Every structure is written in C-alpha cells, then in structure tokens.
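Going by the order they are written in, the chains are A, B and C; count residues from 1 in each one.
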Amino acid sequence: MKRLPLLIGGAMTAVFAFTALLSLFWTPHDPAFVDAAARFTPPSSAHWLGADRMGRDLLSRLMAGAWATLLVGGLAVLSASLIGVPLGVWAGMRRGFLSDIVLRASDILFALPALLLAILLVAVQGASIATATAAIALATLPVFVRMSYSATLAVIAQDYIDAARLGGAGSLAIAWRHVLPNIAPNLGVQASASFSTAILAEAGLSYLGLAAPPTTPTWGRMMRDGQTDLFVNPWPAIVPGLAITVAVLGVNLMGDGLRDILDPRLRELR
Amino acid sequence: MTAGTEMSGPRGTLPREVPSASQDSVPLLEAKGLNVWFGRHRRQALRDVSFRLAPGQRLGLIGQSGSGKSVTALAVMGLLPDTARTTGSIRFEGRELLGAPERALAALRGRDIAMVFQEPMTALDPTMRVGRQAAEAVRLHASATSRATRRRVIEAFAEVELPDPERVADAFPHELSGGQRQRVLLATALLNRPRLILCDEPTTALDVTVQAHVLDLLDRSLAASGAACLFISHDLAVVARVCQDIMVVFDGAIVETGPVARLLANPSHPYTRGLIAAARLDEAAPGSRLPTVEDFLRGTGS
Amino acid sequence: MALVSLVARRVGVFAVSLLGATVVVFFVAEALPGDVAEAMLGLGATPEALEALRHDWGLDRPAVIRYASWLGGLLHGDLGASYLTGRPAAAEIGPPLAVTCWLVGLALPLAVLAALPAGLLAALWRRRWRGTALSFLSQLGMAVPVFFTAIVLVVVFAVRLGWLPAVGYADLVTPAGLNAAEWARHLVLPVTALAVVQASLLARYVRSAFVEVLTEDYLRTARAVGWTRWRALLRHGARNAALSVVTVVGLQLGAMLVGAILVEAVFGLPGLGSFLLQKVANRDILVVQGVVILLVAVVLAVNLAVDLVYVALDPRLRQQGASRQSGRRLSADKAGRAGSGPGSHW
C-alpha cells in the first residue's frame, strides 16, 4: 500500500523508457512517411492511434517523440548532475570565499528558467536539440549544486566524518566513501524530480519551436502541428499532450514514492 | 466516539482505596471502562481504564513510555488524534465528556480543565509573543478589556516567579529558556483558576535543577488554587513529591492504585516493585548488575 | 538594529544577484561557438561577408567592452535596440508587457484562491480517500503541460461549445472607449489555463505546510486553552503555514512568467512571450537579452520581497538577523527554494 505510488510510477516510467528505446528499432510505420490517403484517419487496425493531417502514423511519431524526450531530458539531467554534484559537494566540504561565489552564481542561475535560457541560446545559435539540451541542463544545474551542498553539510557534521579524518582519510576519500553514498538517496529523488521538469521543459521548447528542427517528431512539435486543425480534428494535438502528461505523472509518482521510502519523517506526515 | 454505550469487560475490579475524603461525594473526574484504539490496525492503547478524582485531589499516573499515560490525559481533554476510537465514559462534575460536541469541550478546556504539556520547546506558537498566547486563554472564556487581560497575564507570570514578567510577556518563545517556557505554560494553565489540571510529564524536558523549582511552583500553585491534578510521569520520585495517590499503568491498563506511602511500602504488582527497585539504585550492591523493571516482570527480581 | 542590517543585507544580495544575472545573460551567448553573424548568414557565408556584418553590428569589439556598453545602456533604462531596425526595445515593450501583466496578475490570485482551500482540505483529509483524491488531482495538474491544458480548454470551450474565442486578444482600452467585455472574453481561457497548473503546484505546498502544522504541539496547546479544532487551525496553524506558502507563491512567479509565454503562444496573445519569440526569430539578440534581463529582474525583485515578508512573519528571523539557526521549517524552505519540487519552472 505504501509502495503503491512507487510501483505505479515506476511502471509508467518503465513503459515510457521502453517505448522510447523500442522506437529506435521498430515503429509500426515510418514516423515521417506521408500517406495522403490516411489523412486524419481515426484509430484503426492500420493506424492504432490514427494519423495526422499529413497522414503520418500518430503512434509511430509518438514513439519517436518518446525517444527525443528521453534523450534531451536524460542528457540534460545527467550533465547537470555530473557538473552540479561535484561542485556542491566541494562547496560543502570546503567552505570559503570561492565556494561562496559558486553558490551565489548557482543562485543567480536559478533565477533563470530553462525557457529564458533557451531563448537566449536559440537567439544566437539557432534552434536545435543541442541548444535545448544545453538550456535545460543549465537551468537544472543550480538545483543539483544547492541540493548536494546542503546534503553535504549535513553529512560532514556527523561524528564519523571526524573519525575518518582522524584516521587519516583525505578530503577526496571522504567525499567518495562517506559523502556521496550518504547523499545518494537525495540525489535519486532530485534526479527524478528534475527529469520530470526536463520532460515538461523539452515539450515546451519544442512546442515553441525552440528545440528540434520541424522534421523531427517530438511531442511538443506534434502538438504545435496538431493545433492548426483543432476545429477540424483535435485528436492529433491531444494524443501527444496525453503522452507528456502520463510520462511526467509517472516520473513524479516514482520520485514521490522514492522520497517517501527514503525519508521516514515525511512518510509519517503522510 | 460513543459515550458510555460500548462499555465492556468487568468494572470495579480496581482496588478502591483511592481518595481519603470523598469516596461518596460526586467525584470531580470519573473515568469508567475507558478503551482507546489507534489507527487502522486498531492497536489498543487503553484497556478498561477506570479511576476517580475528588476535588483538590492529586493523583499521579505512572508508567513506562508508551503505556498509555498521555493517552489518558488527552482522552480527558478530548484531544486525541482523529485516528483514535474511544469507548467508555469520562465524566467531569457529572457531565459526560466522551461524545460531547467540540464546542462544549472547547468551552471547558482552558477554563475548567487545563493542561501542561511535556515539551515546552514546541508547545508554544513560534510566531506569537507569549503574552498574547497566554491572553488568549483568558479572552476565550471571558470578556475582558485587553488591558485588564494583560494585567492578569503579567500577574500570573509573576506568580510562577518569572523574572521581569513584562519583558517575558513581550518575548517570542525562542527568546526564552525551557524552564521559562514551561512556567509560561503553567501560568497559562492556571490563568482561569481551573478545577482540574492535567500535567503530562511537565518537568521531563527540563534540567534537573530547574525541574525541582518547577515542581515546587506547581505544588504551591495547586495548594493555592485548590485545583485537582492528574500528574503524569515515569519518575516515581517526581510523582511522590507532588501527589497523594498513585495509579500505575502498564500496557494500557491500570495495574495498581493507592496512596503513595502504602504503594511504596507494599507494592503488589511486579512492575511497581521493579519501578521502586530501579528508583533505589543506592541500595544496589556495588558491582552487581543494576535491577531493571524487566527483571521484576519476569519474576527474577528480588 | 539587527532588522536594519538584515534588510540591508537582503537588498545587497538582490543587487549583486541582478548584476550577476546580467553577466550570465550576456555571456551565455558568448561561451558557445558561433555568433549571430554566422547564424544570420548561414553556412555558405564568405568570411568577408561575416566580417562586414560583425563590424556593422559592433560584434568585432571585445566581449567585455560590448558587455560594458550593454550594461551601461541597461542602467539608463535602455533594453537594447534592434540590430535590424535600430528601434529601441523600450519603446515597443509597453503593450506586450501590459498583456502579460494582465495574464499573470489575474492567474496568480486565482491560483492562490483555489490552492488554499484545496491544500487545506487535502491536509485535513490526508488519511481518507477524499484527501487522496485531492492529492492525485494536484499531481495530475502538475503533470499536464500548461499548453496542453490550454489546448484542451480551447477544444472544449471554443471548438465544441463555441462560448469563447480560441485565439486573439482585445485591448481593454480602445480609441472607441472601454472594451471590457471583449477583453475579458479573450482572457478567460488563457488565465484559467495558467492558473490550473499553478494552483495544482501551490495546493501541494499548502497541503504539506498544513500537514506539518497539524502535527505541531502548539496546535494542541491552542486547543487545550479553549480554541476549537477549526479556530485553532486558522489562528495558529494558518500563521505558520503562511510562512512557507508565501515563499512558494513568490518563487512561483518565475514559473508563471514561463507559463505565460507558452499560454500566449497557444492563444496568440500579443504578450511579452510572443514579443520575445518574434525577436528571437529576427535574431535581435540585444533586445532578447534586454527583455530577459527585465524578466529576471522581476523574478529577483519578487524573491527579495518574499524574503522581507518572511522576515516580517517569522520573529525568529527578525531576532537572529540570519537564517542559520531557525530550524526545521527554514531548512525545509531552503529545500523548496532549491527547486526540488517537480515542475518548478513549468
């Protein structure tokens, strides 16, 4: 019962990830194949979810979009944590002028939402998957810095850290052997929260045309395309919207479930 | 909460040696066949608890943590959490409290029955000056000008020997020490001259030196106001200092009750014997293992 | 005295942050390979043509010099001028700014009004199915992208029912006079779409703030002196829950601005978002940077205001003049501040 959200969320996330990976090897149709005869067909045995205004298979595009989402979101969160966590741990272990500057800088970056960063980057670089990923990673970075900073502070205040120091362990060894394992649960929870944010961010950016080029099937782009025909057939705009919702909901539930299990105090409050 | 309808089990099995004076007159507080269950799994916290308290009487409730002492007090106050299910009867001056509407209970709380809690550090609203919090106790139950109320609060603070009561009244909780906060709570409880004060381990969270002082204060305040007191503690010495009678709770049930002197001299339940032995460490033979309550429960204690 | 220095410190942090933000906004574009000239002229551009364009736009000057002159302009209220037309952004920004202000200014109170009772009830009912249902609703509301909510609203109220317009905007004040009815008709759906997401997010914070408060000893004390359950909760619970809720409401402003950009795109509202995107399409980098810095300044200013309100509400902070010691709730808020909440900017 307690683990229900984790199980449901985990299952939803697994389905999402599996679909994304599957799309690399197999989709029912070529996501880009234009079949004029299939234009706006409702769901059928040939097109399980129907086809869009150009007769492209919605399910195939949805699957390809899942991959784009997973790629951008995953890369962004991964790079943000790979840079942010060491910075945060370092700042927490060696508090001083330099680490203050790092923290202040990350606070400043935190005032810049991913969308504004993306707008800045796109204005100079042009829209691409890379700029979108970079923008989302930059916006996610401060979250990881802050989180690992405060988690590190809590860990190094413990007595066993002093014991390790007295035992002759260097800072790097302490960070690797004591700090990282102890903040790993927080990291997991934060990563899933950031990942769901990244999915929404990617969807928003591609909806605005600030991410992948128009030919790449992404969920946001599909909604943008589908929106033109809302009065004729809203279906092609609604299907990707539902996909985003389900993916985000799944990741959120998983993250919440994870946190409930890792943080007994929060569980009690529930 | 069903009042007095679901009483079960044998009643009146308690040794009725309770109070001296008022065995026959109407008790101030009378609990009969009180049962409390918690949560989805219906864990039973109180089993068929019955006791009576005469006006002015001081009854100590002693037992291990988790034995149901606080639950008893909270049940009397009607402050058990929503997950609790209660059966039996609690009468205050003849009025049934179980199942009484929240409004009626709220009118009683703080006026006729007051409570002092265990944790002075968290029992006060951190965002409000303590004088204002104490004043709420007055203004909730009587119409008074704010100036008159403040005067009463400051008098009450002075009575519990808070130094510079004016300044204390204008302080926020975090600016006071634990002992000061507990005195604020005690003063607040006494403000409306209640006829019954429930003290839930009021000194446990305090330093030993402060503890003695607060107990003295409580003793004198009770004597001055003539209020009855249900005093909860796990510490035999503390209870013996304030109360005339003791009731021993074990695993949610009352196992023994009687005047302090008799109980100390002639405990009948193994748990009580264990408590007494554990409290008299000075009598343990040097080098021997110290007695624990568990020894006595297993029947291995001397 | 502690209070004065505390306020001064917060204002100082605000100023430093804003300055830092200008650095970030300016150099984010510099740090990556490529520049506007390349982006404008495309891959086939000759080096000479690139050079000429860079010279025309002053891009051949060192970045630090360009930053200094940009910053100097900002200080004089100059948000940058279009590379193409040379028109200052400050002159064009008024009308779009008004649209976005209406959108956010109406959606925020609406979201708060919905979130307070929803979160409170979800906290009180947290062990019953009704509470679980409310929590799930807010989970769902957070998972739905704001532009999807907007599209669903359009499908239902514009396409199916035909009650409200699907796109467009009508000015409140026209040369012909006040145009309130048309203006409101065009804003109902955008405001609702923006408010739904924010309300879901806020309700979650309100819920956890009240769940925490409900377990506090002082609430029991309040009832022990004679407050009824509800009045104790409103008098002592709300004060304390407000501490964390105020913070979140303030921090949500950044998220709302982003949400507004997306909502404007769905409904074709001529707001700041549409303005920005159009400038992006035109590669008017200076204008884009100017507007972004303006938005960041607003976010930072609101954060400052939240900090000060917080100081006013929490005596522990007022006294100590620093946020170090005041325990659990504050650290919880720091966690909230770190954006650990899902969907924090969307």
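Assorted remarks:
Here is the rule we use: a residue touches a chain if its C-beta (ideal position, glycine included) is under 8 Å from a C-beta of that chain, and two chains touch if they have at least 3 such contacts.
None of the values given here were measured: they were computed from a predicted structure.
Chain C has the C-alpha centroid lying closest to the overall centroid of all protein C-alpha atoms shown.
The greatest number of inter-chain C-beta pairs in contact is found between A-C.
Centre-to-centre spacing of chain A and chain C amounts to 20 Å, using the average Cα coordinate of each chain. Centre-to-centre, using mean CA coordinates, chain A is 53 Å away from chain B. Touching chain C in their complex are the following residues of chain B: 77, 79, 82-83, 102-103, 106-107, 109-111, 114-115, 117, 119, 122-129, 133, 136-137, 140-141, 172, 174-175, 185, 188.
Chain C makes touch with chain A in their complex at residues 16-17, 20-21, 24-25, 28-29, 32, 34-36, 39, 126, 139-140, 142-148, 151-152, 154-155, 158-159, 166, 208, 211-212, 215, 254-255, 257-258, 261-262, 265-266, 276-277, 279-280, 283-285, 288-289, 292, 295-296, 299-300, 303, 331, 334-335, 337-346. The part of chain A that touches chain C in the complex is made up of residues 104-105, 107-117, 119-126, 134, 138-139, 142-143, 146-147, 150, 189-190, 193, 196-197, 200-201, 203-204, 207-208, 210, 220, 223, 227, 230-231, 234, 237-238, 241-242, 244-246, 248-249, 251-253, 255-256, 269-270.
The touching residues of chain C, when paired with chain B in their complex, are 127, 216-218, 220-229, 235-236, 239-240, 243, 313-316, 319, 326.
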